[in-house]
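Which chain is which? They are A, B, C and D, in the order written, and residues in each are numbered from 1.
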Amino acid sequence: MIVLIKDGAKEEQVRQLIERLESFGFQVHVSKGVVKTILGLVGNTARLDIDLIRSMEIVQDVKRVQEPYKNANRKFHPEDTVITVGGVTIGGGKPVLIAGPCSVESEDQILQVARAVKRSGAGMLRGGAFKPRTSPYSFQGLGAEGIRLLLLAKEETGLPIVTEIMDQGQLPFFDGVDVFQVGARNMQNYELLRVLGTLRKPVLLKRGFSNTLEELLMSAEYIMAGGNEQVILCERGIRTFETATRNTLDLSAVPVLKQLSHLPVVIDPSHSTGMASLVRPMSLSAIAAGADGLIIEVHNDPPHALSDGPQSLTPEAFDDLAKAADLVFQAVLAGTAAMTS
Amino acid sequence: MIVLIKDGAKEEQVRQLIERLESFGFQVHVSKGVVKTILGLVGNTARLDIDLIRSMEIVQDVKRVQEPYKNANRKFHPEDTVITVGGVTIGGGKPVLIAGPCSVESEDQILQVARAVKRSGAGMLRGGAFKPRTSPYSFQGLGAEGIRLLLLAKEETGLPIVTEIMDQGQLPFFDGVDVFQVGARNMQNYELLRVLGTLRKPVLLKRGFSNTLEELLMSAEYIMAGGNEQVILCERGIRTFETATRNTLDLSAVPVLKQLSHLPVVIDPSHSTGMASLVRPMSLSAIAAGADGLIIEVHNDPPHALSDGPQSLTPEAFDDLAKAADLVFQAVLAGTAAMTS
Amino acid sequence: MIVLIKDGAKEEQVRQLIERLESFGFQVHVSKGVVKTILGLVGNTARLDIDLIRSMEIVQDVKRVQEPYKNANRKFHPEDTVITVGGVTIGGGKPVLIAGPCSVESEDQILQVARAVKRSGAGMLRGGAFKPRTSPYSFQGLGAEGIRLLLLAKEETGLPIVTEIMDQGQLPFFDGVDVFQVGARNMQNYELLRVLGTLRKPVLLKRGFSNTLEELLMSAEYIMAGGNEQVILCERGIRTFETATRNTLDLSAVPVLKQLSHLPVVIDPSHSTGMASLVRPMSLSAIAAGADGLIIEVHNDPPHALSDGPQSLTPEAFDDLAKAADLVFQAVLAGTAAMTS
Amino acid sequence: MIVLIKDGAKEEQVRQLIERLESFGFQVHVSKGVVKTILGLVGNTARLDIDLIRSMEIVQDVKRVQEPYKNANRKFHPEDTVITVGGVTIGGGKPVLIAGPCSVESEDQILQVARAVKRSGAGMLRGGAFKPRTSPYSFQGLGAEGIRLLLLAKEETGLPIVTEIMDQGQLPFFDGVDVFQVGARNMQNYELLRVLGTLRKPVLLKRGFSNTLEELLMSAEYIMAGGNEQVILCERGIRTFETATRNTLDLSAVPVLKQLSHLPVVIDPSHSTGMASLVRPMSLSAIAAGADGLIIEVHNDPPHALSDGPQSLTPEAFDDLAKAADLVFQAVLAGTAAMTS
């Protein structure tokens, strides 16, 4: 970390600042230039509150040389993290398809969808039981009953289950669930992250729709700081001025996150676009960008879905997509193998 | 609510849609034009899931004629809501100043600040005890001990207390607190909103930094739907591409919210700008825009604050600001009184 | 177009409005419902100023049923537009690679790059001669001399030339240029668009970094309204709160634009990301999304480039990318051919 | 300017970089720390292309210590710039009201409005003659005839004229115009800025709706670099995700710009909000924030305006606003005079 001192700061003040920084456990190297006095801090700056330094009287600015996260950082963990969920591995290999309805609606619905996506090669089953909805008057999900139905589907198909947790009070219902999903609106619900960090079950962490990638990694760090290293990052669209799509899918997030972190990255093309007709091109696009998986809404009867019908694929369209995704993945592999530079 | 039917929809399909809408309790009026078939719905459409309608097969688009919130809506409650907190009233009158440090740090600090802002005319004391921080390694607040210190300051000065709750698990510590603050990151933490809706204590609800004003009102609706009508709306800056300020303070939010809703609106010029030098102009600006209050960070020793020092005012600067804010408020009143059109 | 009338509007006022709308050449169909009085307009509403209608006293809102552009609209031109530039076709087939340096710097540089990208299969040569720079003190490009050098490279390699025009005063220098590029900052420079509409040479129109896709199509419409139908749309990243990349590449733009319009769509992965290491994944991603072409910065010596070095590929990396892009394109084709639903 | 060298850079490479920087005319001070090697540059870094430095092979990052603009910078020109236009002064004193219709429509209209706003104390008359419109099918303004009518109004009322120029080809029509307005869409039309920089007539430069304040100042710098020091900065709303207002008025821009620059700052509350009912509160808010002027749309008959009727004030509402604005300005002055800290 580099600390720029304000012009006109007194010797005495600089000395006091250095002492304070040393009291935090850093080695401090001073360089007095003609342009600026600069302090270089050596030590674990990821564990330092940068705002605290910035707020000091004689500090003009602070510049991190290292990222503010450590457990999630590829620098300290160069190999891809591979997470195994019920026999399925995610991270650093063939992309995993996580598919299922936006909301669990009935036993019949979830079983039909589960069987269909299993046949098409999905690796996990997704489905909403506890649903965060903008309006208190919208359908809020089947709750605990929804999870019971997901577990029925798991029993029949063997597919591991991914479903959203909104509050630690819901934890008792999640016993048989394989992966906790943290939704975009809760990405910075730090109490929830902290609790999930104390568990030893994978967490699929969705990027908040106006959070930076660094903030996403910081939220992963909250979970990992508690000892739970199994975090799957998920890009699901960010909020911009554009209204043609529900959100703007930021696919650059895939290579950026994979440079910065060793955690697996999955893409949600359904919520980000909000339109079924965009799910296929954006899915293929995500695979080509290097995503480790896709989380896709599939409904046996989209026009009668209780939520998000317009963005759900039919099982047939999902089957076509699964085949095409594999072709694109193979093409990218072949392209990489042929690289000369 | 107006429902546009897709071109080419069959008679039979339209009939089925009408029956379904009627089954939700609406009267449906059909107008078949040359351009479009349009359905008009009469009934309490605020309680309807618009996505559900939009997802129906033959529906091209849905247009609300009414807002999707009812309890928070000025149409159904034309008079300003006035909330009384420990003898202080907020809403529809003289703006209330809510002041105090970002974080409670010590008994000495909070008492000094409380006495000072009381002298300058603040109506409530703010201070963070449970702090949502981007990094798990940053100072997380004094927690329950912080609330104990706030209550000491309340006892001495008589100032009602506003402090943030991040999770319902923290509720037991909030007994003596006068106003729950819900932070920007939790504006759509629906479980928390739901619990606060069952209580009968005012909630200061901060706008998420990428939430629309309609979403803010929907989150207020979550609280009010539970029977807690005492919601104070707070604009604290939104996330944009601009980097000169920490966030972009959206002061248009004041007149827009006051047109749409009867709830009081307060402005946070400290977090939105992130710079003490901008707090005064933005505070006066907020008063001129019609805000019912300001929530301002004041610290007895900003350069040594444990969080957000650079945006904190000294007690002296706050005193100057309080006087100027009153002058501007009186000027706006006089201007309104002199209106001829 | 559907016009909602305000509650409480008088019979007489509605009659006057209808007459005014009829005077613009529309048929007006009235439907008086219990909920709302609604007018349906039949006629060429693309040629109507929607703001004019919205501003009328008794109008509550106006909703387009048709898009506000006509020449660029796929509804009126279902087949993909194919543009031929010096023997190279763009649109609806194999993606075209447009490659070259950010700025033309010297004869040696442009010839080296041109030969290299030609060998790797590029279809056109790009290079900046007139450069729009944020600072008046930055290198502004070689201007007319830069175009002369581009034409030398064209003569030698046969590659058609794409280069940016910033002002109609520069037109005399563009004689031998094959495609005018309109940069993001000039997407709504309507005088420039109007002039280019009177010519019969293709225009590569870049999306402004905060313009919606509808606005991009409206700017294309400006050019096409003048009779120049050869417009290539280009997505080059939009401005968001994210700082990890220079801009956020909106790849959903590809399928959205191709649904709305028949014009070819190309992607600029270099400017949008600002980092060479992201160009390859984003290029493959764009191809998988269905792009008709890529416009990529290639420099023979990136570290010594006079502008945008950090985002330029070496000729070797471009060669690798060209091969991989072809593999991905073939995979997408195969996936489409295998579709059953 | 501070240049961070990448870890692992060789002695020889650092030496070459230093030589290159010295060849640009800088003094270079090296500090080799344990953390990082850092170069400090002394000299006129405002005139340096920062991207050029950043693109160099061994450079990790570059941090400006000085702003990239010089003529517009308050550091080099501490006093407020005061611009005199036809006897009216703008900058550093009483705010100036610039009022008039969005578009000039007829002699009768512009004369009526001009007389009315003059009576209410407006200092300048605004009105659009050349109009940048999103659609080629919208009303494009009266052009040269519009300017002729503005000059008639000037002759009768003595009010100086502010009107928009979109292209240097329109210059011949602007002889009698007192202030060139550069619209938001042309803020980075550098050819236009360059030409205006060669003239000696004030320019009212509107912030592009997705441009940062630094970019606005860089565009001012383009004009000033040509020798035309008379630039008036104008904030008119930026593009965000919020849809309740047309754009988000960034009032923090006022104190930020006034800290960074000596140029006058005016606010456009009409275009930013798009709604007449928000113009009054946002105008008073702008005055309280310290704006040097307001540019407000006034129309004698808003419901029949040919453009932007919904955001125009009636002459009566403008008169009320002018009085209230003065009261608020006096209150702010009194508040400042009473400051003790």
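By our rule, contacts are C-beta pairs under 8 Å (C-beta built on N, C-alpha and C of every residue); 3 or more make two chains touch, one makes a residue touch a chain.
As the structure is a prediction and not an experimental result, all values here were calculated from the model.
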{"item": "Labels of chains that are neighbours to subunit A and to subunit D", "value": "B, C"}
{"item": "Longest centre-to-centre distance from subunit A, chain (CA-based)", "value": "D"}
{"item": "Copy pair subunit A, subunit B: interface residue numbering same or different (half cut)", "value": "same"}
{"item": "Distance from the mean Cα position of subunit C to that of subunit B, given in whole angstrom", "value": "40"}
{"item": "Length of the line joining the C-alpha centres of subunit A and subunit B, rounded to whole Å", "value": "28"}
{"item": "Chain centre separation in whole Å, for subunit C relative to subunit A (CA means)", "value": "31"}
{"item": "Multi-chain contact sites of subunit A, meaning residues that touch two or more partners", "value": "210, 239-241, 243"}
{"item": "Topology of the chain contact graph, where touching chains are joined (line, ring, star, complete, other)", "value": "complete"}
{"item": "Residues of subunit A that touch subunit C when the two form their complex", "value": "210, 212-214, 238, 240-245, 248-256, 259, 272-273, 277-278, 281-282, 284-290, 314, 316-317, 319-320, 323-325, 327-328, 330-332, 334-336, 338-341"}
{"item": "Complex interface listing, subunit B residues touching subunit C", "value": "1-2, 4, 27, 29, 31, 33-36, 38, 40-42, 60-61, 63, 65, 210, 239-241"}
{"item": "Parts of subunit C lying in touch with subunit D, wherever the complex brings them together", "value": "46-49, 51-52, 54-57, 68-69, 132-139, 166-170, 185-186, 188-192, 194, 208-210, 215, 218, 221-222, 225, 239, 302-303, 305-310"}
